[in-house]
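Below is a structure I'd like to ask you about.
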């Protein structure tokens, strides 16, 4: 088992337990323990491959053999076999639903991310599309991984990944500069400092205070373009990464990308996921 | 702490840990431990109340006081305060994202379920709208609870809740009657037996074998109406519950409801969730 | 590892830890890590085979090889080898006590259940003998599994397996019919509804309300026979399962079985277990 | 919460989860969350009080108030109230079965142990009655505690509590003296060394080697008396504790006690437990 | 309980369990459960206050009341009371050793860090003294926290906190620039990139490639001064943080600090800890 | 996996998780999953071999192959290869730090213990050097094991291993004899009773009361010699083990050993550990 599988093994076991309870009373009554079966997993629509490592672990834990036939992060057509499983028919049936739930969600996230990336790159070929912490509770590692498979940037996994000074913090402090100064003093030098701003003034102050990343929150593309121009004039543009967030959709993402920011972040990549329609076709042997 | 909170406490702790890592480096640097704050949680759109118990537990575990102001399962307007929180500003900020992620998803599920129920009841005021096992891994208890808040039926939580004989099982057995017989013999008498059928013949055989529930899988409303009529003529209708599943959407749900089945089940209630836009408004004190 | 072993692995590890503490100080001092041994497990009295899967997992987890030589649920004579183990002598000695404790209890339950079933079938060859939730805390899965090996029905594993309306519930409600109605409305359609009654009137009301199972609580065989006759006359017998519980012993079980009920349940199957005398004979190699 | 409750809290939570599953579907449908109730717990037969701490924790964890009215380890008559509980009716019903299962088993063990102790003290007022490691898996702490409540000695909790050199070990070593020597050298000086012997010669050798405890395994009372006499003559009696084990029952325990050994150990105290009949009487308020 | 205590609660419980086993057999035999006691905790030598939150939680979990009388991170004299505890005498005795072990180690780390910081600040008043990942397994959160209390910087808690390209990585890549480029492309923009270099050339290449932090590994102070001068000349100094590591001791730390680097990191802060001599003085009441 | 590895597997997994977070972002970006590597582990100074089993498990869990080339507890020179690892380069890099942290600490403890033992044996070739419960929280099993590898005695692992009556206990009791008597009555006969004394009178009373071990606390070598002589005269020396503790250092250990006590215990063996400098040399293949 590789490092990643070893890291998620307990979660997958917990999910299996959640679905099985004291066992699959139907399959156990109907299927002999000796009955062997094979199965193949595929999407019923085109999409980005994701969730295969996770779902193969489901079958491993149930004593089956699985082999992954497509690279996670690559595109796939509908009906192409992405994974094959062999083992006890009962075990395959027990793992089926969980495997499909994992792939369905992750493939849904990866595929949507990929579409957003593709659309955004029309506005700016170097733009990064980032997710947020708006993930399903307990599933952050899977949601973020699927974003990466879709070509996105995971952004913060946790509150300790990077400083992000928001409005709520600023209400308690005399100024952005003091906030930046305070975090620089108290937080490890290994961490970046990001500041969320809603105005040009905020951005200027943050840049002067030495913020590593400045996020324009809920700002129109036009306004962002204006602000970046002024920051450039003021010599405050270089060495800083600019991010836009709030109100970005697949429709306007290309326009936002064209503003010149480095990163666009969208909560919807993970908080409102449309599952890919995935199928496990089982054949008794 | 009541029984439900006690049951989910470990999950909520795990989710907090997932989001916090070694702590909220921003808030800890900027906000004094003595700083107190209040907060109110509301939807930015109308919907069904759900997820308040779970998110109040987030704040309890962080040492805050929370009070729930709306009954889960009831309708709410946008901007109505659903929960109030008081406590350390730092703690409220640490719990914010998780609380919103929980409410956002659960409210999304409950609200969609409620819309489907409402629509379906136009076709048949007694219809039950049921979810499936297509939930996000680890979140079954929350997804199912949200379905209930939306007026739906949770259907099976686990594979041991009720027998459900599917195509994959039937491929391995000579007939539906033998499958039903076998499960009745081997499974506890406390469990119902459901059979998934794709034809009238299957339904007749299942009913004769004494199935408690018969599910029409991927069958058109017209076909279902025909089949139910024949089953009635054959004296095989009473004492059996009929469920339809596969291809049911909010658009056609009323038509399906009007066929005379007792239950309609939809995977999309939980596998493709659109989050409700929820907000936590924090006010420093 | 198959699905069942995978499901119970953490429990078995916990039990090993409970018995080992920081290690077997005697064996570790006396036996070289290279010392190999073989062992065979047998009953010192005839009985029903049970607990072999669980105890083989004990040895697997300690790095030994084990092979099961008898089918769980079958009868065995005294001294017949049921399992063979090979591996490090130290490991076999470390696992010995836990393996015997598991088999001893499960075999005790299975054997007693089997005797009760055999006795009861003299009164009614189709009777089901069911256990209750009176199991040893933490051991429900093993206790119920042993009941099944003995030819019994596990009845409810958990409070969410099936509705069971008891006296304590009825004290709070105007009538049995209202109680049944309420649970049918609130509980998933996938669940059966059982009602515990102490009188003919209760049984009639429960049957009319559509209870799936009616349990005669602490009622004499004579009274049960009378009541079933009247229920039949009233057309309330068919489509309902009847269970008797309370005061049933191996002495009177055949008489109870002959009353015409479908199920007899006995708490004593699991709350007062007499261990089978099991032996692990170790031979150093 | 005191230290003991804190130590067993996770176990009790696990047991609750085992019994509840996703909740008590009956009580949740029928009983309003506001409904309060009181309950009293008593034995329906006389016995030794045990298991109250554990079962009070069940109710604490469900949010009820419980008060223990009898000292664990003391004798109680039938029907005397041993514990009172107040709280949500639903919660009391949810905890009922687990609380009774805990008390039933522990009271059963304590009561039997107490009877054996009483009987044995007729033969020797200073005799110690000890349990073995033949406990129900996972329940060692409770089984041993119940033995203590019954006036018994818990003997080893774990394999690292004390050296116990058995036949299986001796097969691998040239002599008892070498075995004792080896363990004395390798095991911490804080541990006692016990040797199981089947003959006078073994006992003499063990005593000479400096064993702290010598156990006569499966030896008749007559033989034990003889052997002790010879050991005394040889000056090998003082400073050593003598234990007898194997084949000791409540019938012959007094005779064994009269032999002059210090300790008698019986596996049956914990491997074959007869539950005390315990009742929780609930009264809705 | 605040967020931090809530985060470490399970660890402290595990440590208690590790020390208690099945209980404190001495105190339980000798001290009545009703016996109350008070205790005060102090250092027997001057030092930096650390570990009080952790050790107060030990006593909280055992049902005692504790109050912290000194701010963590502040200096204390010998014998000054830092914490007071009140509660059951037995519980205080049970928690004593763990509490002292926690404070002893954390105070040891904090005090040593503080001395190193003080010494280093003589060479450069703005220098940061950082720890490494050379912590005791399982204790990273406590070891790092103690470093912070001593005025140090925790550096990376985990391998995902910040990129750190080392020799082992560079062996596999054609050049530092390509390594930096690759990580910038693949790792989230929220992360800094640090490169360990052993030569001026390496430093120049890393700076040109845009490394955020450059670490001089095992380089003499003289060499570092030279290299920084050249980097400044080349315009590669600003916007980069410089760290020195390897061979830094309390003896030479001031000299290293004077070289002009921003950070000095020392593994010895946490891998070779000298405990502070801490005492819990208990007074029975 | 042998019993010991199986026992510590969860701890090692937890430590890996602690160090990895969501993964090694550096290695994952730079090293292809197919890249294989070999590695060898050695000390950079002479010492006692310890921690190899633990660190080999780190690599096993990451999917590598490891082979141990030196016996734990033996002496090793600097630079001798003690373990070889083969596998994915990424995995080896991920496990490196934890493996070194484990070996560094354990080797440090074992080596220091060995030096103390060697020194002490000059004073008394039969002396036992024992550790205390002053270990790093969570690491007791490893710290004690390292003491054993260094030739030491682990003393108590837990508070339930042996009775140890201390000053704090005696303050609550009328006399040492009563304390010993009480513990003998309440604690299992399988446990030894140790008494800590600060005077000859205490030692005499403890010996008369039948203590198994008497510990001279903070007593000078001269005083101990005097006391042992008097105890011998009084016939209170034989059958009792004598331990000295408090103020024993590597400098005076030989003098203490020569006093005639059986055991010397030193907290510093585990509370103030100096890591051995261990290196993992990786070679890409």
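Read from first to last, the chains carry the letters A, B, C, D, E and F; within each, the first residue is number 1.
The rule is simple: a contact is a pair of C-beta atoms (placed from the backbone, for glycine too) under 8 Å apart; a residue touches a chain by one contact, two chains touch by 3 or more.
Computed from a predicted model, the values in this text were never measured in an experiment.
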Exercise for the section: Enumerate, in label order, the chains that touch subunit D and subunit F alike. Expected result: C, E
Exercise for the section: Same or different, please, for the subunit A to subunit B contact, judged on whether over half of the interface numbers appear on both copies. Expected result: same
Problem - Chain pair with more C-beta contacts, B-C versus C-F - result: B-C
Fill in the blank from the handout: Chain centres from averaged Cα atoms put subunit D and subunit E apart, in whole Å, by 45
Handout entry: Whole-Å separation of chain centres (CA-atom averages), subunit C against subunit E
Key = 53
Problem - Multi-partner residues of subunit A (each touching 2 or more other chains) - result: 20-23, 94, 157, 160-161, 191
Problem - Chain-chain contacts as defined at top - result: A-B, A-C, A-E, A-F, B-C, B-D, B-E, C-D, C-F, D-E, D-F, E-F
Exercise for the section: Note which residues of subunit E are touching subunit A in the complex, please. Expected result: 128, 130, 153-157, 160-162, 188-192, 194, 212-213, 239, 241, 262-263
Fill in the blank from the handout: Within the complex, subunit B is touched by subunit E residues 1-4, 6-7, 141, 144, 157
Handout entry: Touch list for subunit B against partner subunit E, complex
Key = 13, 16-17, 20-24, 33, 61-63, 88, 90-91, 94
Exercise for the section: Enumerate the contact residues on subunit B facing subunit A in the complex. Expected result: 11, 14-15, 18-31, 35, 89, 93-94, 97-98, 100-102, 104-105, 108, 133-140, 142, 157-161, 163-166, 168-169, 171-173, 179, 182-183, 185-187, 191, 271-275, 282, 284
